[in-house]
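We call the chains A, B, C, D, E and F, going by the order they appear; numbering starts again at 1 in every chain.
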Amino acid sequence: MPRVRVTRLLHFNAAHRLYRPDWSDDRNAEVFGACANPNWHGHNYDIEVTVAGEPDPETGYVMDLGELKRLVNERVIDDVDHRNLNLEVPWLDGLNPTTENFVIAIWDRLAGRLPEGVDLERIVLRETPRNFVEYTGPGPDRS
Amino acid sequence: MPRVRVTRLLHFNAAHRLYRPDWSDDRNAEVFGACANPNWHGHNYDIEVTVAGEPDPETGYVMDLGELKRLVNERVIDDVDHRNLNLEVPWLDGLNPTTENFVIAIWDRLAGRLPEGVDLERIVLRETPRNFVEYTGPGPDRS
Amino acid sequence: MPRVRVTRLLHFNAAHRLYRPDWSDDRNAEVFGACANPNWHGHNYDIEVTVAGEPDPETGYVMDLGELKRLVNERVIDDVDHRNLNLEVPWLDGLNPTTENFVIAIWDRLAGRLPEGVDLERIVLRETPRNFVEYTGPGPDRS
Amino acid sequence: MPRVRVTRLLHFNAAHRLYRPDWSDDRNAEVFGACANPNWHGHNYDIEVTVAGEPDPETGYVMDLGELKRLVNERVIDDVDHRNLNLEVPWLDGLNPTTENFVIAIWDRLAGRLPEGVDLERIVLRETPRNFVEYTGPGPDRS
Amino acid sequence: MPRVRVTRLLHFNAAHRLYRPDWSDDRNAEVFGACANPNWHGHNYDIEVTVAGEPDPETGYVMDLGELKRLVNERVIDDVDHRNLNLEVPWLDGLNPTTENFVIAIWDRLAGRLPEGVDLERIVLRETPRNFVEYTGPGPDRS
Amino acid sequence: MPRVRVTRLLHFNAAHRLYRPDWSDDRNAEVFGACANPNWHGHNYDIEVTVAGEPDPETGYVMDLGELKRLVNERVIDDVDHRNLNLEVPWLDGLNPTTENFVIAIWDRLAGRLPEGVDLERIVLRETPRNFVEYTGPGPDRS
């Protein structure tokens, strides 16, 4: 049966800094450069959440994209939009909010929440139009 | 030998509605929301057709993109541009024109039409800049 | 005092056709080509609404963009999104929905609805990424 | 003689919050909503700086865009990129960093710094792809 | 009567170099940098041609955009697409092909060719997504 | 352990033509059309370089994107930006600079240059916004 990937794009913006509290300021500045600025900086993030499955023979949908949007809003966007990623997001607590660590944490917020027969397939997280990450989950690389 | 993927992006626009004639209007509205509007709505679709193969040692082309453009125009765009997807496209007849069903039907219009040694690899169909589907054919998922 | 222009971009999609009921089908097809298709076609429209004024010395806002978004949604988007522009929009009644006629009608929906001291300055309406119109109102051309 | 406008687009990202220190937290939250978050949020800003003049008959340039880029970097970007707009930018000191106040302050950083015969014409500052401001200076509106 | 601006976007690509044959190679390199490379470089140009007028009460069009596209293709694109701007375009002969000189020359190719009652209003020529010029003609600046 | 893909987008522009010196001009024109123009044409190329690996538990980086940018600039962009791909790039010598041949040559410039534990995963090379190629290396297709 044909398997189709369906993607919904959403936006949010947030403040963050890259740093490790167990490192000195100098070490943080050396490794993370301007991104370690103690006064923060921020981004307009774009997130593309891709799910995959066989289209339902009744509806022709893999999944209602309105439902997917609600799920991503509820589990991710509502927690991070107009927030400080280092200080205000319980599920990022203790993590240095690089896009790599962030996309894995977002995956874990969404995995296991999709309807029966629908797989979480790929998340693309764009920090700027020039820098982005993709994650396909902890299993064998599928994409 | 190196295998390269080559993509051509094309555009069209069309009217459609999501509904099943065997369902009541209420059921259609409940499942498909505003997309079930009996008076139609429409989109500017973007389609990315990706083919793959080894570049021809003579030309350095996997496939002449002008030829690919002509093929997609002839087999797909000419039939759907400025048309009603529910009423006017023989190869969508009887299908609810979700992007999922639509991308599979487009695949079937193009599969087997490519030059020897060139594979149809992936089709991305964007209904809006925020909603899109990808299809890699009925076989084992390659992408 | 400094006058600043502030713009909010919104999206909607709709079906339409270009035709005049008082013309024959042949005449409509001759003048409007594929856009006259009796079975409709549609677009993802982008609309940019620009207002101008002096930033409020207290807030630093010309106008709260959340308010502008609500106004455009209430007066425009709610009426046209997922609708048929020829059949379902009272304030387009009797108009051939070219982008030119459409942008003037949108202007008339918004003019006079802005806060004291804020001018409606310009509306850009994009029918496709390649075709768009701008309107600055019925007065002397300001932009 | 023909007058041409020439634009250079640059990027930066920064943290900020919208608030007035002389207002209560409640009042700030009421007026500025999520943008008043005391823990900051941030954006990828795009800035388009437009200058105008007659092309130099020798070079065919209104102005060397490399020079314009250097000027905008030196006078604006170097001060705001990866910074906190409320805390770290001397020329924004005491200002609520709305895009309106920000674009006027950027204008003042660039005005009077252009080569003889070249006018600063317009600055467009995009806070998100959906929200942006334009400023043409304190004189009579030219654009 | 309401005056509306209507824009059509078109694309082409071309090779060029910036240099003056009456200058030494050193002087050209000093002023134009890498753009003076004797072996050429090139761009994907985007051109937006804007016309203005009152919508025709019969058609609702300021001008048929298909006609505008044909005019720009015939007078501009056909001469420059996949060409060398320094060597192969008669109407650029003797000009250093900066975007400033180029946009003025394009204006002169289109001015006076529009239907009665339709004005050529503005041309935007994008050499890269980060560098672009606008021209509104030799008369008093209207935009 | 989770494997994440990290991408950096860069730009350059260049002149080229498609042709084989061992073919007649007629044969080149027949196969490559306007792209064979002996006077060259050119493009604004976009290149997306994707690397993959496990985020470093210390930094949260798969790889510092500043380092990746420096590597791509040093090994690729510095050699091709504002250059003629047929005449001036030693590592393209003897190749017909189709995007297919070009992307493979870029891969070979970057392969084996990444830090321990980081794989070169995919290169996307866009010749125009409508034409692009992807390459995942000479081994078994991973993406």
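By our rule, a contact is a pair of C-beta atoms (placed from the backbone, for glycine too) under 8 Å apart; a residue touches a chain by one contact, two chains touch by 3 or more.
Because the structure is predicted, anything quoted here is derived from the model rather than measured.
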Chain copies touching (subunit B, subunit F) - same or different residues, decided at half shared: different
Taking each chain's C-alpha mean as its centre, the one farthest from subunit F: C
Distance from subunit E to subunit C - Cα centre to Cα centre, in angstrom: 28
Centre-of-Cα separation between subunit F and subunit C, whole angstrom: 42
Sequence positions of subunit B contacting 2 or more other chains: 129, 143
Chain pairs in mutual contact under the definition given at the outset: A-B, A-D, A-F, B-C, B-F, C-D, C-E, D-E, E-F
Contact footprint of subunit B on subunit A as seen in their complex: 1-10, 50, 52, 55, 58-62, 65-66, 142-143
Subunit E partner contacts - residues on subunit F that touch it in the complex: 11, 13-16, 34-35, 37, 39-44, 81-84, 87-88, 128-129
Touch list for subunit C against partner subunit E, complex: 18, 20, 31-33, 95-101, 103-104, 129-135, 137-138, 141, 143
